[in-house]
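Across the two complexes that follow, chain A remains constant while its partner is chain B and subsequently chain C.
Our next item is the complex of A and B:
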């Protein structure tokens, strides 16, 4: 895998036969960096849309497009955060727990039937901060205490569920804040407002990925942590930051889940872990890190949501969804890691 | 500091060096003793003793034979899952699907028991063994990290148990007698725990006296070296995953025996407690170090701790927070940082 960003670009440029074009000007070299656009995932998405469009006439209607946008909004936000964690070669399994906790926090802080808070927009910020805090616990445990991320984030997953259960207190807080409820209920340009929130997060994620040191170092760290460290990158700091970003995204997703369901609930996060991981992986972000990006993950999530939505339209039991998503995770990872297979290679 | 510290060296630097070495030697001796005690599972036994002591002081009825019986009974299912997880962790891997698989097998037993009778148990155990082999094969053959394979299958079995149970609780009426004996208490002895104990002793002796056990340890300590010395490491890894799934299947049968019913997610919450049992028992997450008996001790510790919550009066809604923090803290304390090379 490419040791740093420069040579990665070089390698990709070579693969596209662009090494001689580089002298002609930057434009073609930029366009030929195909890794920036997830071509295979986009092709798969197009294929799925065509198949379901032919199989069921309602799939391509405006109403179903709205439903798709509504269903994708939360997992897209989750996937943007998850992308940076996976780009660095870690994983965050805590999304459902963090969504549960922050959904409960946000429901209790806006106008609701259990508490007398009415913090409005501040509740959103506090929820994002709570998510970032749980992310920080995970990130610091991985980088400072040196515990594998999948174990730490199972821990923070349960911590999040626990926080939600404690706040739940046997009675779900029902949200009466019209502003927050309108996120899910009202539309702009025919699309639910939640979708625009997700769009904003995606644009922000793309900006972070391309324009900030954090975003570019994510590739370097995922490509080879040792080399990143040797070239002076503070790996631990950036890896911690990735978990904080992922936690913050989960926090925002928690608010969105509250807005969508109209109440704070422990179960508000259920089902998002697979959707997110499957989306990130199927979009073409390698689990070993270093390849992929925000755009890949977004397309991957759209693929997963389309499959789920299409399966329901075709009449397949919704209970099977988790099985399908689980199988897709295994198949997608197997396919992307297949070429790394080697005799006597130790994989744990 | 008596033998090694004879100041034969003339200059002070050398003496200081020798002094330093002697100190190191004593530290090493203490470390060696500690590690020998640790290898025999003294640490978890001590922890258990301390927790039980505190609870007994807090509540006198805690040590009554009645509450001890129900405590051991409660630890049976967790013990089964922890034993299986322990083998997978021993090879340096993880099985995230075992708790969900126990829920799934319980649903299957509940579905099959009325029509098949006792045969249903055999069928389901066979199926869970096959499932374990499948998970292990995908991991070993495709060389996909174990946490991803088992995370994926976690989803697969969740979906299948939802589909099979149609998301409702199944009550077992016919042929319940085929399993109900597991939770009998002849002469006040909880049979469920005795069964788990017998299974533990069998697996312990397997680890100690069979070639398989030594290979398992070798694979966990250094897989590459084990492979170079002629051990078919993939078979050893396969056996760990198969054993874990089989024990999940047995846990599913136990769950039917205990509750007389099954729903799609009845054992799902045991994933983290089972991992906690393994690590608190002293099995290293890097693999190779640990054992079977101490894992059962770990499961009893976790059960006592959760019962202790009720005694002290902490609501059960706090328990996930405790398990989450507990796992992180215990791994922090016990992890061997020289052996965990990648912490991604």
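Our next item is the complex of A and C:
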């Protein structure tokens, strides 16, 4: 009886189950399946550009493009680092603190009006290392002490602010290093040099995400940490590394912030946490980990910056702007998660 | 020549005083498919956990190619060439097939931390080819069906196993339990391919499968290995006797307990349409068992969910006892007297971490309340009642559900609905899937009993046999629509080929 049962249904199954296999469906089906490119976020960005471009003729001018590039550069760098942390399902809330600390460190180590250091490029490297160090503290606390990253990075955020305040000592160091100041002031190909720094970080981030074990395992760990462990992957090591990478990006962002403002200031990091996390999430990187990527986050940040910039241009009251930004984040997340909506889906 | 690849000698294991395994010895020869068969709780999963390195035996030894080994972990066993294909799949949905196959085992395909994609993909394709799978190594894993993912899982086990010096031993833990018949056939082809380069241990509680695919089989019962048999010279009845320790009776489906229903329409579904199903109309009478059969993606699961308010309906109506009902959530349906057993018991049907008592009173806490508060004593008494009535084997009412066997878990899930005296309609999505034969027979008898008590039962049958034998009427679904209906009186049941024709 048994073998006959199986053979009969086999023929049936063959007829019914013509499958996708190695030749895959139509073009659109294929495009929409490619997760490497954040199609919905790109479409949203295009829409925003078109709407503001029509609403205000200055939006698409070269001068405004320069402004957009200038405003995006720092949050883009922050978002690249943040992406790896969030891909693993953790979060890094310390960006503003690390930017504050490293902004102060870099201002004091280049030529300035308070100290007699003039380390030049070394100051940049030291700032990045300080950021990486704060990231390492956060990462080790998460992986060794097993404290949720949410809490740890609130801590390192405040530690960063504290370091900045100690270094501040009542008087902001004003930068006199022409090289560093030129990052923000001078342009290449019509764009501020800071934008090229950000572009370099993005390209590096994409390469790391796609070509390195660290980058791929970010997806593995975010997708299923238990499976990663069972496969013999040293999860703690990679997670710590993600916080170090995020810290290093924040460190570089601190230097960029110093360059932009021309001085070291505790307030140099203000506002970047919202912009970074909103950008990462809007781009389609899920806070639960395993989905999204560097490109997603970058597009998300560009969306946030374009909206802020566009609202100013079309004359929306500055008192309302912040609420509008918040509302957009909620809307964007709703749109991103819409297809996952189901009656029995659990939301916490 | 001694060609025993892998063996266990005199293995025993106890868990908290319960003897799960007692003096078990088995041998796996090179390029041989070994069957490991027994009811749930017979000890085959414990044995498998010892073979795969999850557990260590209390006594006895594991020998790999004649050398005694102690596996420290699953990863260790895999490195030694013993790879397990888990029942709950261990693939990551969000990365490519190639990455999954070599996860943590990339070897030279990752050099100094950098991926060499062409090499990784080529190697993955080789492994997939080896088992005759057409899946592309570039595909993101979540885009594959369950059956295809299982093929990838087998390729992964092969890849891990072959990274050792010897021919690998692949352990398949109940690989067929959630596959459709056609997919099982495909899996068997894969096992035949595997046999050319590996030894295979195939665990199942389905006798037909073991007889079809295995070169040799060990029968387990009560933690012991009770027989070693040759599938060529043993038949289903013999195997059943060995597994259960008693004869297979005609009462498997309890067909003699089927009585004609009273004819009063309880549930009337007309032109119900929603995402995944369309234009569904049928009547379900009090005391009737209506079986719905269909292949995967026939839409029957979604229909079942829609009937209890867990999936959306775009048009059409549902009438319960003459009154039109519209459920916005399962809670509405439960209040109206519906019970629903989802197909995924472990994730949707029961809370494994909660106790038997908590699970049993989950849906109808009002049955164990005095006024506005839960009454512990009433709860214990009610639960003890049902445990007794359904012969649920549990040490106590406060035992976590997860530590019961599958059959007893399912009885608790059923009892969850039965505590409601107002229960009118019971929707069962493959309630016997993954249960062993004994537990299946119990569930069948229970369904008969409920129907006799006047409850209308909609049964999404696990197999065609089950649907035909259990129901008064059978409807087939195809592509989200009802394609045929058959009367199913005892003694005048439709031919399975006739039903099958309308399913595909």
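The rule we apply is simple: the second predicted complex is superposed on the first by the 283 of 348 C-alpha atoms of A that agree within 3 Å, B and C clash if a C-alpha of one lies under 4 Å from a C-alpha of the other, contacts with A are read in each partner's own complex, and residues count from 1 in each chain.
Just so we're on the same page, a residue touches a chain if its C-beta (ideal position, glycine included) is under 8 Å from a C-beta of that chain, and two chains touch if they have at least 3 such contacts.
None of the values given here were measured: they were computed from a predicted structure.
Q: In the superposed arrangement, does A:310 touch chain B (first), chain C (second), both or neither?
A: Neither chain B nor chain C is touched by A:310.
Q: Which partner chains sit in contact with A:213 here, chain B, chain C, both or neither? Use first/second/both/neither.
A: second
Q: Looking only at chain A, is it chain B or chain C that touches more of its residues?
A: Comparing chain B with chain C, the partner touching more chain A residues is B.
Q: Where does A:131 make contact in the superposed view: on chain B (first), on chain C (second), on both, or on neither?
A: Neither: A:131 stays clear of chain B and chain C.
Q: I'd like to know which partner A:205 touches here: chain B for first, chain C for second, both or neither.
A: neither
Q: Figure out whether A:154 sits in contact with chain B (first) or chain C (second), or with both, or with neither.
A: In the superposition, A:154 contacts chain B only.
Q: Output check: A:165 vs chain B and chain C. Expected answer is one of first, second, both, neither. What do you get?
A: first
Q: Return first, second, both or neither, reflecting whether A:264 touches chain B, chain C, both chains, or no partner chain.
A: neither
Q: Identify the residues of chain A that lie in both the chain B contact region and the chain C contact region.
A: Overlap of chain B and chain C footprints on chain A: residues 342, 344.
Q: Give every residue of chain C touching chain A within the complex, in rising order.
A: 74-75, 90-95, 99, 103-106, 110, 113-115, 134-136, 139-140, 143, 145, 148, 180-186, 188, 207-209, 211-212, 236, 295, 309-312, 329-330, 497, 500, 503-504
Q: Which of the residues in chain B end up touching chain A in this complex?
A: 91-94, 96, 138-139, 142-149, 151-160, 162-163, 166-167, 223-224, 227-228, 271-272, 275, 285, 287, 315, 317-325, 327-328, 331-332, 335, 337, 340, 342-344
Q: Provide the residue numbers of chain A that touch chain C in the complex, in ascending order.
A: My answer: residues 1-3, 5-10, 12-17, 19-22, 24, 33, 35, 210-214, 216, 219-220, 222-224, 227-228, 230-233, 290-291, 342-344.
Q: Quick check: in the complex, which residue numbers of chain A touch chain B?
A: Chain A reaches chain B through residues 88-91, 93, 141-143, 145-152, 154-159, 161-163, 165-166, 168, 225, 274, 277, 287, 289, 317, 319-330, 333-334, 337-338, 340-342, 344-348.
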